[in-house]
Structures are given as C-alpha cells and as structure tokens.
Amino acid sequence: MPTDKIDAGVLHKLKNCSSATATTLLVKRGLRNTAIRRVLPLRRDLPRMVGPAFTLRYIPAREDLDRYGTGGDPHNAQRQAIELVPEGAVFVLDCRGDDSIAGIGAILTRRLQARGVAGVVMDGGVRDSNSVATFDIPVYCSGPSAPPNYAGHHAVEFGTPISCGGVAVYPGDIMLGDAEAVVAIPRHLVAEIAEEGEAMERREAFLMCEIVAGRSIVGVYPPDSDTLERYRVAITSGSAT
Amino acid sequence: MPTDKIDAGVLHKLKNCSSATATTLLVKRGLRNTAIRRVLPLRRDLPRMVGPAFTLRYIPAREDLDRYGTGGDPHNAQRQAIELVPEGAVFVLDCRGDDSIAGIGAILTRRLQARGVAGVVMDGGVRDSNSVATFDIPVYCSGPSAPPNYAGHHAVEFGTPISCGGVAVYPGDIMLGDAEAVVAIPRHLVAEIAEEGEAMERREAFLMCEIVAGRSIVGVYPPDSDTLERYRVAITSGSAT
Amino acid sequence: MPTDKIDAGVLHKLKNCSSATATTLLVKRGLRNTAIRRVLPLRRDLPRMVGPAFTLRYIPAREDLDRYGTGGDPHNAQRQAIELVPEGAVFVLDCRGDDSIAGIGAILTRRLQARGVAGVVMDGGVRDSNSVATFDIPVYCSGPSAPPNYAGHHAVEFGTPISCGGVAVYPGDIMLGDAEAVVAIPRHLVAEIAEEGEAMERREAFLMCEIVAGRSIVGVYPPDSDTLERYRVAITSGSAT
Amino acid sequence: MPTDKIDAGVLHKLKNCSSATATTLLVKRGLRNTAIRRVLPLRRDLPRMVGPAFTLRYIPAREDLDRYGTGGDPHNAQRQAIELVPEGAVFVLDCRGDDSIAGIGAILTRRLQARGVAGVVMDGGVRDSNSVATFDIPVYCSGPSAPPNYAGHHAVEFGTPISCGGVAVYPGDIMLGDAEAVVAIPRHLVAEIAEEGEAMERREAFLMCEIVAGRSIVGVYPPDSDTLERYRVAITSGSAT
Amino acid sequence: MPTDKIDAGVLHKLKNCSSATATTLLVKRGLRNTAIRRVLPLRRDLPRMVGPAFTLRYIPAREDLDRYGTGGDPHNAQRQAIELVPEGAVFVLDCRGDDSIAGIGAILTRRLQARGVAGVVMDGGVRDSNSVATFDIPVYCSGPSAPPNYAGHHAVEFGTPISCGGVAVYPGDIMLGDAEAVVAIPRHLVAEIAEEGEAMERREAFLMCEIVAGRSIVGVYPPDSDTLERYRVAITSGSAT
Amino acid sequence: MPTDKIDAGVLHKLKNCSSATATTLLVKRGLRNTAIRRVLPLRRDLPRMVGPAFTLRYIPAREDLDRYGTGGDPHNAQRQAIELVPEGAVFVLDCRGDDSIAGIGAILTRRLQARGVAGVVMDGGVRDSNSVATFDIPVYCSGPSAPPNYAGHHAVEFGTPISCGGVAVYPGDIMLGDAEAVVAIPRHLVAEIAEEGEAMERREAFLMCEIVAGRSIVGVYPPDSDTLERYRVAITSGSAT
C-alpha cells in the first residue's frame, strides 16, 4: 500500500462527487471498468465513503484447512488484516463474487469501525446483516448471507492487488462509495478526478435546473456554448447550487 | 408505433388491474412470456403505470464510437428518442439485461418526466438512482448502476420491436407496471384484458375475503358454483370490495 | 414427514438463535450447505420463523397440462398440500430457482396463514407481493414475480425430500428463518443446535460488548481463556446480555 | 411408469425422425419446451435412441448422509433403480443441471447396458467418460465430470415426474435422442408424432434436394402447392429419398 | 450495408491472419471487445472465413405471432434476408445468446451456401447440426439445438447494427473466422488490420521457430532489437515461414 | 512452492489413477471440492498429467496498465513466471473463470513445453488453440479464445495460493489430469492417494469385468465379502487387469 498521503483537500473535493460522476471522468480517460459489480450498500443513508483501499484476498475453502475454530489461528490473514488496516482506509475483500457465504460478520465489522476504517467493500455476502446495518460504517456487499467465511473462503493474503466485483483494485486506489455504487479510482488520477468531478457536479446541478424549468436536452445536455454562457453567468452571480 | 389511440376507458380499467392479473389473462390466451424479467421499480409507492411502449434499442458499445462526448451528437438515437417520445408513452429500453452499466440517468429521466412520459422500463441499470427515486415517474430497472450508458451501450434506433427482460416488446404494446412487475400487453388484446381484468380483480377481492373469513380454498379458489353465487349476491347487494 | 413432536423447549431456544449462528454450528458438524441460497424475506420486521418443513415439489410446466383453470383440479398437488400442511409447519417449495414465475400468491398464502402455518420458503418468485408483504406470516422468496405458477411450474407431489435454493430439505427438518436467511437444520441435530446456539448467542453478545468497548479481536474473537473467564464472571454476576 | 406397451411400429417410425423434426411437431401442438437443455451425446456415431423414460431424482447431497460407502446401502435409490429399470427404457436423471459432479459413471452405465437399457440422459456430468464413450449405449450429459455422485447428489426416488435440462419428464414419456439433442415426447402424442414425423422427414429430404438443385426457398420452404405437387409426383414415381 | 467494395487484396491478406492476430491489432487500437463470445465453428477443417457482415435481428417469440407455419409468410424477415444476402457476405444473427433454440437449420443454411454466402455466425444454436456440419460453409454457433427458430425467436429486421455474442456488429463490418473464433473488424480499419496482420503473422512464425529452437522468451517475445535484426536477416534471405 | 521432492514412486503410482478415482479418495477424506470446474483438455490423447502446481494469478485488466506492448515489461509477472516455473511442474493460472479472453497462447505454451513443464491448467480460454493442440503438452482450459490476455487480465504474482475453476490450488499441490478432468491433490495427501488409488483402479477393473460378465451391481459394486474374496483369488492367480 502506498505510504504517501492523499491531500486532504483532494479527499474533501471527492466527497462532493457521486460515483456516477467519477465513472464518467474515468471513462473519459479510457477506463471503462471501475465500478464494482453486483454490490450495493447495506444502508443508503450514510455520507459518501472515501478512502484508500486496503485489500484482503480469499480463495475457496478446503475442508481440512477451513473449519470451525480457524479464526483462532494467529496467522489467519483475515484476523491479521483487521488489526492492521490503517485508520481511514477502505477494507476491500475479494470474495470471487460468491454470494452464498459471508465475507465478514458483525463482530469483525464492529472492530473495523472501532479502528476508524472508512468503509468495507466485498463482492460477497455479509452475515449478521441486520446488526451490521445499524453500525455507522458503510458496508457494500452482494447481500445478506448467513454462513461464516470459512464455510467457503480461505484468507490468503492482504495488501496485494485483487479482483472485486469484476474490477481491479490496487492497494491505495481511492474507493468512492455512495448510495448507488463503489468506484475504484486509480491513485494517480484521484487529484484530477476530484478537481474535475466537483466542477462537473456543480455544472450538472445547473443543467438539471434548466431541465426542470422545461428546457429540451438539445443544447443543454450536453451543454452548447449558449448554455455554458448561462452557466458562467449563474455561477458568477452565485445562483447555481 | 401505432397511431390509433387506445380508448381512455380501457386505460382507466387497466389501471385497476395488477400486473399479476394481467399475466393470468395473457397465459389464458396462450401468452406465457409477457412479464419483463429481473426488473423492479425504483420506488414502490407510485400509482400503476399504464401507457403504450416507445422503444429504444442499444447494442454493445464500441470504444471508437461510444465515448465521453457522444451525447452531443445530434444524430444520437438516444437523445433523439427522448425528445420524440409522445406524452403518455412508456419509454422502454433494450439493455440486453446488462446490469453493470446504466441505461439512463437523472437528467434524461427528468426530461422524460417533463415531457409527460408515463414511465421508463429498462433491463439494465439506472444511474443517479437516488435522485431518480425522488422523481414522480415510475422507473423499472435492474438496479442502480453508476457508469454512463456509452461505457457499454450504443443507441441504434427507436420505434422498432425489441427484447426487454427476455420479453418481446412491440411499439404500441401497452406496458402495465405496478409495485411488483411490468407486463407487455399486446395492443390488440388490451381492451379485453382491461375488461376481464377489472372483473377478475373484483372477484378475487371477494374470494380473499372468504379466505380471510376462514374458508378452505376448496370450492373457493378457484370458485365453484356456490361461491360464484355468493359472489353474485354480494356484488348485487354492494358488499364486495 | 416425521410424526414425533419437537420438544417445545427446543423450539423456544432455537428462536433465540440467528440463522448465522445455526450455520456456524452446522459447519462445525461438517454440514456446509444448509442456508437456502438467493432467497430473502419479503419483510424484515417479523419474529424468527421456526418450524418443521412440509415440502412441495414443482417441475417445469407443460402447456397441455398446466394452464388457466388447472387450480380447480381436486388432484392438484399444490392445492392438496395447502389444505394438508400441519399447523406450525413451514411450507417449503422446490421452484428450481426460477425467479421468472411465482411459486405462490396472495390468496394461497393467506390461506396458509389462516391454517396456522409458521412460514413459507420458496426458491422462486412470489406474486401479489405487495399484498403478501402485509400478512403476518414470514415469506422467503427470490423476489416479486407476476406470472401464476402454472405458467412455468407443475406441482408433482408433497412430503418428499426436495432441493430448495441449492440445499437438501427433508420433510421434518427444522427451518430457521430470520431477517437474514433461512437454514434447514436436520431434525436429528435440532436439539443440540438449539442448546449450543442459545449459549453461543449469549457469549457472542458479550464478545461484541468487548469489541464495542475498544478491545482488539486478538484474544477476544475467538475468545482466549482470559476472555472466557471474564465472560464467566459476567454471566455469573448477571451483567451479560 | 405406464405399463401399456408402445406399439413397435410406432417406435420404428420414430427412429426415422430427427430430434429437430420431433420438436417442430411438438411446437405445432403448442409444446415449446421439450428438448433437454445443455445436454449433448458423449458419442455421435450411434443410431437414434428411442424408449420410454424411467426416471431417477437427485437432490443436493448432505455430508452426513452422502459420503464414501453410501453406494453399499441396499435402500440406495440409485442402485435400486439401476436393477429395476426395464429393458428398452431410457434412464433419465434429474441432476438439477449441476455439471460439477457426475450423475453416474462407467460401472453403473455398463450395468445399464447389460440390462438392455436403450440410453441414459442426465442434466449433469458423467464420470469415467472416456470409458463410457466406448460403450454401445447412448449417453447424454452436460460433459465429463470426475467427482462421484454422492459428492453432490442424493438419490431420493425413481419413477416420478422430474425436471431434466429445464424440461418436464414424466415416466413413460418417449425419449428420442440423436446426435443433436434429446426430446421428451408426451406418451399420448407419440403415435401421431411418429406418423407425421416420418412423413415430414421424407418431405424435407425432397425439399433439400430442391434447394441443393438451386431453387430459392420462396415457394419451396415452406412448400407451396406447386412444390407439393412436384413432391407428390416424386414420391409416386419413387425418386424421393 | 455499405456498398463500396473491400479491395480484393485486402481480403486476401486478411485470409492470412488468424482471429487471434486480429484481436491483438484491434486491442492495440483500443477496441477490446470484438471477438464474438461463446460461439464455436461447427467444423474446424474449413479455410478461414472472411466477408462483410449482413445482419438479421431476432427478438423473443410471442406465441400468437411465432408458430408452426410462420415461415410461409412472405414478409418473414428471416426468409427475406436469406434471399437478399449478397454473395460473399457473412450472415450474422442476433440470437440474444439463447442456446436453447436454433437460429437456423439445414435447409436454410444449404440455401445460403447455394447463394454464395461466405459463412454464418449466430450466438445461438443451429439445428440439423449433423447435416449442416457436412456442408462446405463455415457455421459458427453456440452448439446444436433441435427446436425451430419460431419456438423462441421472431425475426424483426435485417441490415441494422446488432449485438452478437456480446459484440457490436455493424452491417459491412468484416467478419474474420477461423477454427478458434470469429472477430468483427470495423470496416474502416480492415485495410490496416490486413496489412499489419499479415506482417505480424510472418514475424510470429519466426519467433515461434526461435522458441522451438530453445530460446527464452526474454528478448524474443516480444522481440528486442537483436531478435528483430535476426528476423530482418531471415526474411531477406528467405528462410522465414 | 514447497522444495521437498515428491517421491518418484508416488508420482508413478499416481499416473495409474484416474481423476475420477482421485476425487473418490479425496471425498472419502472429506474434501469435496478438488476437481477444477468448467475446464477440459484441448486434446484427449495424451498420457496422464502429474506434477506439482506452480501458480500464476491474474486480476481484471485496467486499460492504462494492460495494453499492447505490456508483454515487453521485464517485471511482467506472467513472463517472469514462464521462465521460472520448474521442470516437471504444472503451470496453473487463475483466470477468474473468464472464458472470453485467453490466459495464454501458442508461443508461451511452446516455451513452457521447451522448459519441461508437465502441463498447463487455466480456468479461462487459450488462444492459437489449433496450434496449441498440436503440442505434446497437456493444456486444460475453458475452450478457445482469441483475445490476448492483456485484453482482460493483469498478471499480479506467481507462487501464491489461487482459485482455479472454483477450487483452491496451493503451490506444490499435485495436479492430476486425464482426458476427463484435473484434480488438485493436497501435497500432504498425495502419497496415500497414490497408494490407495492404484489399488482401487485394480479392484474396479476387476469389478467392471464382473459387470461385463453379467452380474448385478448388488454385492459387486460396492463389493461384498464374496466379491472381495473372488477378487483376492483373481489377483493371486494373476488374472486381474
């Protein structure tokens, strides 16, 4: 995981960007596959999640290695990762898209919250989901799932690049999550996405006002020079959102 | 798209039919595949959606044709369709069941609402879903999805028969949507489905009362002649729902 | 279906176990595949569902056998099953995971509720889902689906072992359902699962308190001898949940 | 399983029909779902398979019931079925479409061949496939699969209606298999399908000759009255295939 | 469909390119999604297929429109297309990836061969596959499938852009097929792909010789300047494949 | 990867075991998930493949990192792995089950053969498959696929535990492949599986002879004490296969 800090101002601006806007700006740069697939937030009323990815990789369980009691092994990569993930990071798990078992449950998620983790993302199930849904930490998953992780997973390693929901996630990529989706923003692009994203959000809010006011999309979305001029006037005069 | 108007009385009666009732009456006529698959309403508290289908067809994107800025092309079939769809129509998109990209987002959906469209149906994702879920227009989709349509789709044409959720949708078919499902009713059957459907809803409400009152389903569901006689008396005396 | 009664005390204890805890104890006994897959409760605010399985098996419909009016046949296995399922049982349907048609709808579900059935589980859709969601009976399914069962299913028999959501369900297995999942507990294991499960719930509640208080998972989850001693003291002194 | 014999002449005629022709005639009668899905013959050089279905039903394995040694249980439904299936029947297994485990292997298949079984059909894998492919008995399956059936299946019962490859198979249905597919022909339709099918094969052979000779499909496929007259002349003069 | 002819020399060069090479050169130009998915050739011993796409689009069948006898309708888009597809073109069908029904069968395929069509590509099944496999025309499909096209498809139109195997196919795109795959090459790129592809095939044949001779891939694949110099010498001296 | 050598006698015995037998003995030990799913050999006429796993892990490609020319990077984990895999090892790739792109092609496979690798296994496509199918090295894959690996994959690391075809593969596990399947045998079990497997193959060959001779499976498969006594006599007298 990269050790250089992301500038606080960048993270702040990014919190003003939706996951939809981030994907637009990534597609603009040729990156078409950055939104984690088949994953939804357990609750939709939390603020946007922003933080660098800290990864954990699962492979399929093998019955002789993965069984009740496995969690007590001090070398268990899952347990180690949970105590090592830095404050502010997003804990991202590679569950190979398996929604029939849980990647994590309530006690471990609560510990992650206590350690100051910014959120949890996994392309698999979460157990004790009703309890987890009451925690003030965003959790993105494929849905509720009762069976414990060792029923189907074996934690191999943390801190390496993984696949999550069909998307490459590198340690340190900035994970941006809202009520709609989670996007993995490559670290080297985060500053410019934040800058351009915040501006785009502001411009689209203006365009939405025009549409609400009854204008056609022709000339407005995308905006032609007349519309852009109206927008320039609006933001200068302070009337834009 | 057919230009003959559907009779207002027919549409009114259809609004009293659930999607479940409509499928029953279509199966009765030998049509077993009319409910759009893997599609749910973004919000469940809106009145029933009824209107003739106006179709838009997507094919997979090709990176040289479909990229940031594509929306500005005046020949873009998606943008043209949005400004041409008639008031009262249901905008139906063929997204090939791809839930990893959005078929449409907030600004375009808001424009459709402004143009008086009765609803939107797509077998793919919707972006800006939190915003869209606040609009007073029913939107049926496979769920939230952040990436813009050109990340995976190319709009080819509108007004031709399409596949949506594994179902054939012909322009002018009447789309009936409620909190459960969307059904494509062939245009030539809509009058009789409306007529028969409204009657069936009334009768089934009576049968439900009988079940709530503790009767067995034997003789009640489906109703035998005794039950039908009780029903006849009930509606004559005005006690049925 | 076994005729011996499950001890009421066992069922009572089981109601204090989550589906997650039950799967843990089943995996501990070598049973890794007991949680019904791709099935969720229609509503999440009901008490836990516990009861012996009463099974109904569907195969694919054939158009000459399964059509409008089929329900009126007195030999229809679905209708017979609904009037024969014992009070307190859980009605479990094998829908082959097909989410494009309904396994059951509002009138039949309401009748099951009237007959004192403890719940309904099916690896397929439920129709009239908005209505069903208002009934005080837990219904687990793959989601809403408008088409009637005969559009895709044929009821063959009841009371035989079936597959539901990729899991073997034997008549008399104890189905345990909560807001997260449904688990099929083999009948011969139910007493020990109930006993051990209730104790595990209590211990995990204590461990969660420790985590909330800021302890690391090391030594706590799973608990070492110090933690277990603290737990022993806590339950002796009455402070545990 | 029905005990009335199918007339030998009917079976003989059916051997002159392809699976494609049989589906055409079944669709003509409103039956659109009779070809077993995702199943291919292990070898393509055997004569057509024709015989009444004898069914075996599997559900998912449970680790305490299904393990090494299970085959020795005299009540094992799979083993019983193999010694009870009548000569000339087609052994059809419901494997729930699971291609990751085998429905049957070489020794049991060889025993079925010794008992005079007409063929084997399963919507799952076959093990020892290289060996099985040398036997003179048609075997239709989803492909090779090494793990034994008890690794994933439990044999519940035989002689009841099942699902195989998404199709309803009733005991006694006539299974028609060739190098392309297997079709389940409802028993009450088999005589007319055989009669009409043989005639259709002959007519289509004539039409193919016309196409090979360079004619357009217009007027030939489907044939108009001129073409039918040429065909009448051809068969009268004995020149048709 | 574009009316300008592709230069014969271009087509000739393209016949020396494998589908693998074509995808490499398309990815180099940013086009990552050009190989039709889940489609294989019915026979693997035919020369490479090269020709411009002529498209046919299917949507799901509706029982009242699509039934036995439909083929006789003179307005049937499938039948019209078969008599209109130009000599040398590749007939490409959008079957929505449905492998449970056939897109086309023996008589129509034989007619396409008689009309000089270069090949057939469909993301669905082919019926009468044993017969079709004897024709000297390349046919790419998802495998054998007995049911006739009207059991699941309705032909809507021809000559418009379609989806086939998850790939956009525009009329006039050059379809290149070999024993491995089929690739849709955008028409405006075909000349440069042919030119560069033929050269790449020659160079890779040389590199393969080096690997066979025992060299490491380091410096050879991809080639460094030394290797390229050896290659230059080899082709100058005429020893390359 | 473990550095201790597997005894040559063990490997020799294992070459006498089929993949089917190996899975039986692994299920007997509680390991139900050891056969790589959805993977077949490119050619079926090669001797059994046996060797320790050498693993390579792919994650999804990202367009800015994975593009034409990527192979030339000396730090490319795929290229490094190919020059580091030990003689006699089986090269196993984690392709996440993606059959739409290739894990490897002809030149790299030919290099692996030159380096004395025992075989290649990947849960994804192979490109240049026609060429690869002529090499004397067993290659297991999901089928032919034209696009190069960087069109969808990024090689992250080698020598770590991976998922392949839904199965956990640890470096040094013994991969056993035949014309039917590939099985990952945990290294600590290989000696006993080889010993017991060879004996089982011999016994099952005897049992097959009994079945061919017309005996019932009752008492023969599985064998009772009489059959085992006959077997004992047969192997003593040297008549068993």
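Per-chain numbering from 1; labels A, B, C, D, E and F assigned in written order.
Keep in mind that, in the parts below, contacts are C-beta pairs under 8 Å (C-beta built on N, C-alpha and C of every residue); 3 or more make two chains touch, one makes a residue touch a chain.
Only a predicted model underlies this, so the values are computations on that prediction, with no experimental measurement involved.
Student: Show me the overlap between the contact partners of chain B and those of chain E.
Tutor: Neighbours common to chain B and chain E are absent.
Student: Hey, which chain ends up farthest from chain B, C-alpha centres compared?
Tutor: The chain farthest from chain B, judged by C-alpha centres, is F.
Student: Measuring centre to centre, with centres taken as mean CA positions, what chain is farthest from chain E?
Tutor: Comparing chain centres, C lies farthest from chain E.
Student: Suppose you list every residue number at the chain B-chain C interface; are over half of them used by both chains (same) or under half (different)?
Tutor: Answer different: the two copies use largely distinct residue numbers here.
Student: Taking B-E as the reference interface, which entry in C-D, E-F or A-C shares over half of its contact pairs by residue number?
Tutor: That would be C-D, since it shares over half of the contact pairs of B-E.
Student: Please work out the Cα centroid separation of chain B and chain D, and write it as a whole number of Å.
Tutor: Distance between chain centres, rounded to whole Å: 39 Å.
Student: Quick check: how many Å separate the C-alpha centres of chain A and chain F?
Tutor: Going by mean C-alpha positions, chain A sits 37 Å from chain F.
Student: Where the centres are mean C-alpha positions, what is the separation of chain D from chain F, in Å?
Tutor: 32
Student: Would you mind listing the residues of chain C that make contact with two or more other chains?
Tutor: Where chain C meets two or more other chains at a single residue, that happens at 30, 32, 63, 166.
Student: Chain touch graph shape: choose line, ring, star, complete or other and state it.
Tutor: Chain contacts: none of line, ring, star or complete; other.
Student: For this structure, enumerate the chain pairs that meet the touch criterion.
Tutor: Chains touch in the following pairs: A-B, A-C, A-F, B-C, B-E, C-D, D-E, D-F, E-F.
Student: Where on chain B is chain C touching in the complex?
Tutor: Of all residues in chain B, those touching chain C are 18-20, 22-24, 27-28, 32, 34-35, 37-38, 40, 44, 166, 178-181, 183, 204, 207-208, 211-212, 214, 216-218, 221-222.
Student: Going by the contact rule set out above, which residues of chain E touch chain B in the complex?
Tutor: Touch list, chain E to chain B: 29-33, 59-64, 96, 154, 156-157, 160-163, 166-169, 186.
Student: Considering the complex alone, what residue numbers of chain B touch chain A?
Tutor: 63, 67-69, 71-72, 74, 79, 82-83, 99-100, 102, 105-108, 110-111, 114, 127-130, 143-148, 150-152
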